[in-house]
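Taking it in order: structure first as structure tokens, then the write-up.
As written, the chain order gives the labels A, B, C and D, with residue 1 at the start of each chain.
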Amino acid sequence: MKTIKIKNPFVDGPVSLGFIAESIQKHSSKTQIGGHSIFLGQVRNDKKEGKEVTAIEFTAYQEMAIQKLVQIREEIFVKYNLECMHVYHSLGKIKKGGICLFVFTSSKHRKPAIKACDEMVERIKKEIPIWGKEIYNDDTHTWKENIYE
Amino acid sequence: MKTIKIKNPFVDGPVSLGFIAESIQKHSSKTQIGGHSIFLGQVRNDKKEGKEVTAIEFTAYQEMAIQKLVQIREEIFVKYNLECMHVYHSLGKIKKGGICLFVFTSSKHRKPAIKACDEMVERIKKEIPIWGKEIYNDDTHTWKENIYE
Amino acid sequence: MKKIKIFGNLTDVFKTNEYVFKEEINTVSELKEKLVIQFPELASSKFLIVVNNEYINDKKIIESDAEIALLPPYSGG
Amino acid sequence: MKKIKIFGNLTDVFKTNEYVFKEEINTVSELKEKLVIQFPELASSKFLIVVNNEYINDKKIIESDAEIALLPPYSGG
């Protein structure tokens, strides 16, 4: 069985481009991999009643979130026989345009990587205790609600 | 209707990390985007009968490939109401571990980006006249065959 | 006395992310009842109560050193 | 005389990526027949013949200045 690294999935502030590029780079020596799937969540400047979102402030029930993430990651890793899987989520205030979620899956063939990435994103949104506070340009806020189709 | 840029999707040699990072970077100002989905195809060192793939050499019927790519990209762009879509494929010899396909889709919400990326990768493999010659460590070769599940 | 971790929109109701609950309670259902008396808005709020990171039966006794948290619907990602 | 573009594993059969076809032909089916005589391996090969980037009816006349290409199954990505 492959080892699943238990790293802290939380990042203070936005996930940086350098970090994403470095993560991809590290996989070029893993020549058993044929496909990578990446999802990046970006803070959108939603508009409501004449005002607009300038940032989202994320908080998490960290201890529980990490425990759940490790468990879900293990399930998906085994289900899709992945070669690699990395998950990072921002905490704190992320301005519009900033990357707040980075899911990165790799497998021998493309399909498992793509399906695993999709499933991980869905499960993070549904099952991980993280909350987003949408901050508007007039300093009011609403609480983000996730939509499932 | 959104404009669909008709760029040359072919890259000589592997798709570089700098290029991928730059592509992501460019989207941070597009604050109407909420999710990006990326697929990266990587040359795998497949092993067959005691020898192993050290590189894949890609050739394309370029004129026809570009015409088809533009058409498929337009279909998917409209179908999923995307904000952005970029597709790059390598030509020439790509060593194991090198990135040979880069598909990058962006939309307001996550699901359309993820589905569009998946569909684009499938259609590239099935419908675009590109061929991969798998070169082994003993200088023999076989021709790559795409698998559809 | 119990400290309760508060998250998401409930921090607007409690005006804190760690609420000190002074009354004596034994179960999750008792806790819920008493919280609703103190904060009537909770009656119309959607949230889960977890104890030591787990959803537990409403009737189960909450141990004295347990960590309690109120979790409104998640909205990460 | 027609130049035919050759791709993928067929380049191993033709030993070139542009084959000069000297016989007189009018349709795709005629072209196929004559190519198989010259290269018997083609009988067991999977490929499409496209004319000006399009799959055309076997019976349709190939115009004299048309671009012809033999395409084995694609394997990009």
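Points to keep in mind about this one:
Just so it is clear, a contact is a pair of C-beta atoms (placed from the backbone, for glycine too) under 8 Å apart; a residue touches a chain by one contact, two chains touch by 3 or more.
Only a predicted model underlies this, so the values are computations on that prediction, with no experimental measurement involved.
By the document's definition of touch, common neighbours of chain B and chain C comprise A. Of all chains, C has its CA centroid at the greatest distance from the CA centroid of chain B. Chain B and chain D have centres, each the mean of its CA atoms, that are 27 Å apart.
Centroids built from CA atoms put chain D at 73 Å from chain C. Once the centre of each chain is set as its mean CA position, chain A and chain D turn out to be 49 Å apart.
Shown for chain C are the residues that touch two or more other chains, namely 77. Shared interface positions of chain A, i.e. residues touching 2 or more other chains, are given as 41, 110, 121.
Pairs of chains in mutual contact: A-B, A-C, B-D. Across the interface of their complex, chain A is touched by residues 17-18, 20-21, 24-25, 27-45, 96-99, 106, 108-111, 113-114, 117-118, 121, 147, 149 of chain B. Residue ranges on chain B touching chain D, taken from their complex, read 41, 58-61, 63-64, 67, 89, 100-101, 121, 124-133, 143-146. Touching chain B in their complex are the following residues of chain D: 5, 7-9, 12, 17, 50, 53, 69, 71-77.
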